[in-house]
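Each of the two complexes below includes subunit A, the first together with subunit B, the second together with subunit C.
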Partner chain A sequence: MIRKKILLLGDFHVGKTSLIRRYVDNAFSDDYLTTIGVKISKKALTVDAMDYELLIWDIEGATPVKKIPTRYFAGAAGAILVADLTRPETIEGLSEHALRFHAVNPKSVCVRAYNKVDLIPEESRKEIELPPDTFLTSAKDNINVVRLFETLVRRIAS
Partner chain B sequence: MKNVQKILNAILSKNVFEYLLLDRRYRIVQFSAEIESFLGTEKQIEVGDSIFEFLPELVGSEEKMQKVFDGEKSSFAITTVSKNDRYINLYVDHFDEKNLLILLQDITEITKIRQKALQYSNQTTLLTETLKKIINSQNAMIFLANTENRIEFANQKFLEYFNVDAQEILKKDLELYRKMGPGFQSYEEMHRAISEGMKELNIGEDVFLVEAMHIDPANILFTLSKMTELARQRKELQEEVAYDQLTQVYRKKIFDDKACELLKSDQPFAIAVVDIDNFKQINDRYGHLVGDDVLRSFAKLLRREIDGKGEVARWGGEEFLLLIYTDSEKEAVELCEKIRRTIAEKRFDPVPELTASCGVTMRRGDENLETLLARADKALYRAKGEGKNRVVYIPPVD
Partner chain C sequence: MIERVRRLEFDCYDEEEIRKKLLPLFDSLLLTSLEKKGGETLEILSRSIAEIIARKAQSDPEELGRALQPVISPAIKEEIADNRDQMIDVLYPILGGMIARYVTNAIRELLETIDRKIEERLSFQKIKRKIKARLSGVSETELLLEESFTARILSIFIVQRESGLLIAESNWGDTEIDDPQMVASMASAIKDFINDWIRETREVSEVQLVSYGTSSLYIESAGSVYLIAFLEREPDYEQRERINEFFAKLLKKYHTFFAKFDGDSQAEEIKEIERTINEFIAQINERVSQGEKTDSPVPVRVVLSILLLLILLPVGYRLYRDYRIHRLEEKVRQKTALEVKIDSEGDHWIVSGTVPDLRRYDELRSVLSQLLPRGYVERLNVPLYVLESFHGRLVESVRKNKEEVSTLKKDIRHLVAETVTDRKATERIRREIDRLRKSFDRLQNTLHTMQRQMEGQKAKLSRAERIAKIRSIVLERLSKAFGDDPRYHRKDGSFDFKNGGLFDEGKAVPKAQSLAELKKVFEKYITILLGDPEIRPYVRTIEIDGYTDSKGDKESNLRLSAARAKHVKSYLASLPLAKKLGADRILISRGMGSKDPVLIDGHEDAEASRRIKMVFHLDDRAILKSLQDTLK
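Here is the complex of A and B:
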């Protein structure tokens, strides 16, 4: 079994914890409880006939006055950069999160989640421009969550 | 020895430190008695177990741990880790060349307080972001100014209109109030003017509907809704209502309003009724289109002659009214006489000859407009009776 440390990074209240909860426990709650510090969840999965154990770091989100501490980044094989589709500024902020992550882990890979797509009307979703390796996700409606994590694992493996 | 002291100190100070000792292969060689319940491990910890099984938080930190072993780094920490329903700080310290010491500090109590504060702060930030979005989505320019002439907040429309950015506007007094309306000296003065009934504000060519209110003693909220196009249309409409379409002089209603304004004051003035002589014959002989042309030329002449000295209005048909700003009956009569002569000398093609008669009177005392008009009309009637193409003056009755 290959053990990999991955991170979820993004601004506060974009749904990082909810994505992990959906992926690991297949559960969702509408209640918002701010993550402080870090919480690690484990998830075993098989991708392309390889067994993995993911150590998923749910890290406290960035706020206008506090960036994500890079001390949590060490040794991560990859990161999921999460933004809230209803808050354009959180999408703009992803580039900075990616830069800071790659500064610590230059060889690591990232995928992006434009989360809370359930709040966007179906007909408007097609108009959203998606950069490469970016997924429209919803922890609430379980849209693209597994695909998101598995894509990151494939990118790490390749 | 230093680290043993640290363990002892921690326990003595009741800081709830648990500890583990590791060898160079990251296997557990020693641990504190309460470590299993502290970490909430399902499996019992045994000497020789891998540390990563119980503290996966250390996965990825192997390089750092190696440096601590080798003495290149004395320690490192992973702080505020949520584990087993508590928050812990994880310290990795050099113990000796063979062992690493891992100290686990329970920080649950203080972290939960911090979390509450962070939750409140984040929710406030979200609310602020939402309010900003609402304010920025408004079509009006909205800004908050304090009584020291500093803008505390301005929405996107405002920033775009004045071509300033959000930070720049907060820095100093940009004196934008000077650009608004008649050029105010402060936002407070602007607020006062609005409170006293000012509804519209001009900024350059633009017209804004303006509202202002103190949201607290130190801050005034202004809302400026652009209505330039509406104001232009309103002006056009007002002009359409004010002016006679054919002759482009005032309609009788506007003449009445202006005369009544003067009557309310003590300002002296004269009124003249000017009527084109034998106009019906022009219509009969040359047709109504020529008749209209004559009326247009006639009104133009009146406007030119009266320019700056009074007002011209069309009463109806071929009859016009003059409001003359003068306190001298001689001056009023002379002006009317000059107009009469100019009409008689001018050619109104294809009409070979055109004359007009004029009845004049002066305002006196507290007469009303009807009385004045009746007297001027009587003077006109007399001018017509005396052979037309003349000016007759009837003085006010004492």
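Here is the complex of A and C:
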């Protein structure tokens, strides 16, 4: 069993907590998120015949007046950068999140989730340009959630 | 009511009977007055009641309490139910004080009990505690309190500092923490959060103790990991020290593994670490359990052992000392064959006995100084006749020594005298050397001056020689430049343009096509003569001589030749190089007529005879003056 710490980063209200709630086995109360700025959840999974246990740190979203606390970044093997497809500014903000994450963990990897794809009409989804390692996700309709986490684990393992 | 009293008929005048009848009336009257809140009645009654209660409270407070209790208790109860907050405000100052007093009393009683126990018990624990109290400055009572609160360790986690990943865990007995991975990560996050907050607000480094309910979480960080100990109570200082020591040992052994930990829970080291932690928890908790048992008084056998030890110590020391003395005496006997007695007084060794002669005495002293290097007190006897003989020898020796000293004194005097003489001679030689050195310096200076003068003269002579030979130098240079050109004459340095086809018959102006050759030769000629500063001052003139063929009469030929020379001179003087080197100022021309015609096989080559010649002349005066100036 290999244990890894991973982070979920993104602006406020992009759906990070919903993604985790959809995916994990066990989690602490959401109260911690508002109290100390982080909530930790756990997920066991098997990728390419290897057992993993992810400790997923859901880090409080950034708002215009409040930056993400970087104190929790250290030691993370990877991060999922989450944006809200209906708010373009949250997609633009992903670069800054990636920059801050790599400043603390230069050798770690990232994948991106353009979340809330359920709010986009199906015919328009094909027109969305996706950078490498980016997924259209929906916590509500459970679209690409598992694939998102598994891809991150593969990137970490490689 | 008053009317009712007025109309009251008395059946008898018995005082008791009258009181029985009147009292209900008074009560009714009083009640009516109180209901109407009659100011006067209330005033009178309040004064009396207060006085009555005060008196009763002094004489029999318990009875008063019993009397009031049925009334007051329900009233308070009702008041609390109706106006809870106000009642708390009112009662808190009283009850708070009471509680504080109660707690203080309880603590005092507890401390007194502990003090009493300290006084009553004689135990190793107490001795240890006393020493610790003296060293640390903490009272014995406080240390005992600490001892009474030593906590059991329920679990220990080793967590990677950066990631919050749990590396190893161990629990005590049946204790089990649900989902330790999550707890470790969350504890890590909370710790980071608190540490950040502490750093922002105060100058404290890190959170170390977190209490929840009666339990505690003790956190110690070092290197790439931190340790979390879950305890049933807050750990005391000593216990924290023990945990820290254990943590330090763990770090020392596994720091490389901790630093490289990548989340692999199957690593071999983890099992070892968990086993080590488990042993440590068991050891600590065992100690806590033992600590809870009553300290038994010192067993009698221990006291007896100490007493026996106290008795045996001096006996042992005495035996050891006697043995050592015996050994020393034995060694002295072996080495000197003398019987001496060795004893000790405090720190000193005392050696006593008789020595037959002084030689043996010296031997003995030498041996003793080896065996007793720290010194000894000597109480040795030497027979008187030996000493008398020794005295005689000593006197003789002194006499001889005096003679030797006298001789030595004479020698020294003689040496001193010699030394003085030598010193004077040395002084004389030194002065002579100084004088010679000065003469040598003077001579050397003179020699240098002469050398310089000679070098100057030599340079002058060399310069004069070159001036005197200036013509030869010029000719040599020209010969080198013009080499085997048949038009050049080595003897006088002249240049004869006899094959140039310079002039048409009867014409004074040179042919245009011949000018280039003229220019080329002339420029080379004047560069040698005027371009060298050594030669230039002595060149007086450069002469251009014109010639004709033998045809015509002598006078006209002379004129024609002069005109030819003049034309060529004008042309050459106009050249830029001639002007630059100043040749234009020293060029002269002369007509030579039909002199020196060019003959081939006895017949004149008329074209070749129509020519010019170029020759230099040196300034003999300038050469002479320069020679004089140089040799002056």
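Side notes on the structure shown:
In the analysis below, the second predicted complex is superposed on the first by the 146 of 158 C-alpha atoms of A that agree within 3 Å, B and C clash if a C-alpha of one lies under 4 Å from a C-alpha of the other, contacts with A are read in each partner's own complex, and residues count from 1 in each chain.
The working rule: a residue touches a chain if its C-beta (ideal position, glycine included) is under 8 Å from a C-beta of that chain, and two chains touch if they have at least 3 such contacts.
The model shown is predicted, which means the values in this text are computed figures rather than measured ones.
Applying the stated clash criterion after superposition on subunit A shows that subunit B and subunit C collide.
In the superposed model, A:K5 makes contact with both subunit B and subunit C. Once the two complexes are overlaid on the shared chain, A:R87 sits against subunit B while remaining clear of subunit C. Looking at the shared chain after the overlay, A:G75 reaches both subunit B and subunit C. By the touch criterion defined above, A:F101 reaches neither subunit B nor subunit C.
Of the two partner chains placed by superposition, only subunit B is touched by A:H13; subunit C is not. Of the two partner chains, subunit B and subunit C are each touched by A:I36. In this superposition on chain A, the options for subunit C are 94-102, 202-210, 328-336 or 598-606, and subunit B clashes with just 202-210. Note: residues 3, 5, 32, 36-38, 40, 42, 55, 71-72, 74-76 of subunit A belong to the subunit B contact set and to the subunit C contact set alike, using the contact criterion stated above.
The touching residues of subunit A, counted against subunit B in their complex, run 3, 5, 12-13, 32-40, 42, 55, 60-61, 63-64, 71-72, 74-76, 87, 89. Partner subunit A is touched in their complex by these residues of subunit B: 52, 56-57, 59-64, 77-83, 87, 111, 114-115, 118-119, 121-123, 125-126, 129. By the touch criterion stated above, subunit A contacts subunit C in their complex at residues 1-5, 26, 28, 32, 36-38, 40-42, 53, 55, 57, 69, 71-72, 74-77. Residue ranges on subunit C touching subunit A, taken from their complex, read 160-166, 179, 181-182, 185-186, 189-190, 192-193, 196, 262-266.
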